[in-house]
Amino acid sequence: MDTETIFLIIMAVLGGISMFFMLIGVIGLHRFPDVYTRLHAATKATTFGSIFLILVVITYGIFKLTEGNGETSGAFMHLIGMSIVALLALLITNPTGAHAIARAARRSGVKPEQAVVDEFEEVD
Amino acid sequence: MVEWTIFLFDAAHILILVGIVASALMVVKFKDLISAAIALAACSLLVSLEFLILQAPDVAIAEAAVGALLTTAIFIFAIRGSRRREEY
Amino acid sequence: MTFGPTELLLIGIAVLSAGIILALLRLFLGPTAPDRVVALDTVNTIVVGLMVAFAAYFQEVVFVDIAVVYALLSFGATMFIARYMERSKETGGVN
Amino acid sequence: MLTFFMTFIGVLILYLLMVLGSGNGETMGYLFHWQELVAGVILSLIAAAITRAMFGKAVNNKLFFRFPLFLAYIPVWFLYLTKANIEVAIMVITGNIRPGIVKINPGLKTNLGKTILANSITLTPGTLTVDLSENSDDMYIHWINVKETKTMDEKIKGVCGPFAKWARRLAE
Amino acid sequence: MEQMSPIVRTIIKIAFAPMFVFGAYIILHGHLTPGGGFQGGAIIASLMALYLVAFGATKWKKKLLSGIESGGLLVFIITGFLGLFSGYMFYNFLSGSDIPIFNQTIDLMPGWEHANWAPIWSGGTVSIMNIAVGLEVIAALSLIIITMGLFVFDKKEDA
């Protein structure tokens, strides 16, 4: 088994996980009844999916690094570094955005549906 | 022989174009102006992706920077200064 | 017919584009404005992933910069919309 | 001064990640070009001078010495992230949910601790931070599978898992 | 004006420095990678917008921003006219000259063609103009956002 096959299998597994969770997040938008539960599906699943998608791209960059000569290696190192920066940006901003949306929804008067307990009270 | 990858690439490209047109139609249809602003943000996001596919990274960054935040901000300011619902 | 890493990335790109269309459907349907913002947030995350995948597919590595720009700025757009919705009453149901 | 140093180091690491692969194979291989390094140091000094006040208000100086703890925190966080996503996948497929908004008081005082806890539990099993009070330390959590709990400690354990302890260890 | 929740404020405080550096990276590498003065300036101006939306109305130094805008434009025009001494308007007189600012010249030696990278010291007047445009765009877009935001968000009643 040569190097390309090994890298291809790794990328296929990571990409399969990524696609599955991205689709779960998007389908969850349609399956769940109200905005809070939809936020659960959207935030968690798509963040997890994008982590694995960026891992796929990083693996692709490492594959190109092992295959290419020194002249092209700089470009793929840039790909890896910038992908890591993009991942960090996503990891910081996604949960914060979800919190902001949930807070805005609750304050603008959207009640949680099918709720068994609601201890929310108006805070300043 | 036509490569099957070309078909996949075109399919993705067409889906994104459909998304642009759909979100642009939503901007016109929504009477709730905040929803229209949200749809406009989605439209500009997809336009930026389309510029990337057409190999114009400079325009894509400009569209992302101006279309994503600054236009949304200005529209939000305008809606806040007037009424939220369109009334006709 | 060859199957390499590039074709794998292309399959991922096609699947994610279908995901964008599904999320836009929620943007169209969603009864209240917060639902639409959730759909917008989903589209944001998927598109950032798509941009990174396209950069790897085209082998034009400087395209990754756009993904970072978008990841940072879409957060700002979400903040503005949330800031507006916090202070306004949600009517819901009608668009 | 320590805040300035922290901002400088953090920003420099970020800049080096961005310009990774800019070399031409002469001095530092293909990793960095020396001009990028000089530009990075100057830019980081400017950025640290401008944004030090903002960054210093968000973090306290003790955080600098707890940097190894963050590295230990990442595997725990990733484990719970995986578990959460599998749970969400099951919920999306079967549709069994029992949602509700609960109020907890994890006893965190600083804003940084609250932020770490809130962002961690937003990404981990079944919970989503909805709101937090400005005056007290209460947090309102949307819980997708509400379990019956008697005391506050049980509730905190059920909602936060190990993250309340971790946030206290990291930020307070 | 009311502030947003503590989580958002803390995250924006932490993300302030990285976003600033990213905008500066886009401006500084304008002649090498996608982007340039306008794009990087728009990113840093978005940072000001984020500050405004999260922390509410504070004291903004509008005079200073106005001065920065005029200064950036002035630097751009002066750089354009300085080329006249070498014969043409907007002539890149720095490239290859003895003045030690952005004066490196490159020939595409092996190692550069694929890498999309070149020394950032190689821009000539292009780099100076990028920085000038960046300063101007930062100041102008921040002024627009701040003026509109303070005009609208200062109102007491809800929309």
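Going by the order they are written in, the chains are A, B, C, D and E; count residues from 1 in each one.
Note that in this section a contact is a pair of C-beta atoms (placed from the backbone, for glycine too) under 8 Å apart; a residue touches a chain by one contact, two chains touch by 3 or more.
Values in this document were obtained by computation on a predicted structure and should not be read as measured data.
S.K.: Suppose chain C were not there; which sets of chains would still be joined by touching?
M.R.: one piece
S.K.: As a test of understanding: of all chains, whose mean C-alpha position lies farthest from that of chain A?
M.R.: The most distant chain relative to chain A turns out to be E.
S.K.: Using C-alpha centroids, which chain lies at the maximum separation from chain B?
M.R.: Checked the centroid distances; the maximum from chain B is D.
S.K.: When I count C-beta pairs in contact, which pair ends up with more: A-E or B-C?
M.R.: B-C
S.K.: Indicate the whole-number Å distance between the mean C-alpha point of chain D and the mean C-alpha point of chain E.
M.R.: Distance between chain centres, rounded to whole Å: 29 Å.
S.K.: How many angstrom between the C-alpha centroids of chain D and chain C?
M.R.: 22
S.K.: For chain A and chain C, let me know how many angstrom lie between their CA-based centres, rounded off.
M.R.: Centre separation, chain A to chain C: 11 Å.
S.K.: Do you know which chain E residues sit against two or more other chains?
M.R.: Residue numbers touching two or more other chains: 4-5, 7-8, 11, 14-15, 22, 26, 34-35, 39, 43, 46, 49, 53, 111, 115-117, 159.
S.K.: Residue numbers in chain B touching 2 or more other chains?
M.R.: 57, 60-61, 65, 69, 73, 79-80, 84
S.K.: Going by the touch rule set out above, which residues of chain C reach two or more other chains?
M.R.: 11, 16, 33, 37, 39, 60-63, 65-66, 68-69, 72-74, 76, 79-89
S.K.: Would you tell me which residues of chain B are touching chain E in their complex?
M.R.: Residues in contact with chain E: 57-58, 60-62, 65-66, 69-70, 73-74, 77-81, 83-84.
S.K.: What does chain D use to touch chain A in their complex?
M.R.: Residues in contact with chain A: 14, 17-25, 29-31, 81-82, 84-85, 88-89, 91-92, 95, 97-103, 118-119, 122-123, 126, 128-135, 138, 140, 142, 144, 146.
S.K.: Considering only the defined contacts, which chain C positions touch chain B in the complex?
M.R.: Contact set of chain C toward chain B: 1, 6-7, 10-11, 13-14, 16-18, 20-21, 24, 27-28, 33, 36-37, 39-40, 43-44, 47, 50-51, 54, 58, 60, 62-63, 65-66, 69-70, 73-74, 76-77, 80-81, 83-85, 88, 91, 94-95.
S.K.: Going by the contact rule at the top, pick out the chain E residues touching chain A in the complex.
M.R.: That would be residues 4-5, 7-8, 11, 14-15, 22, 110-111, 113-117 of chain E.
S.K.: Show which residues of chain A lie in contact with chain E when the two form their complex.
M.R.: It is residues 70-72, 74-75, 78, 85, 92-93, 96, 99-100, 103 of chain A that touch chain E.
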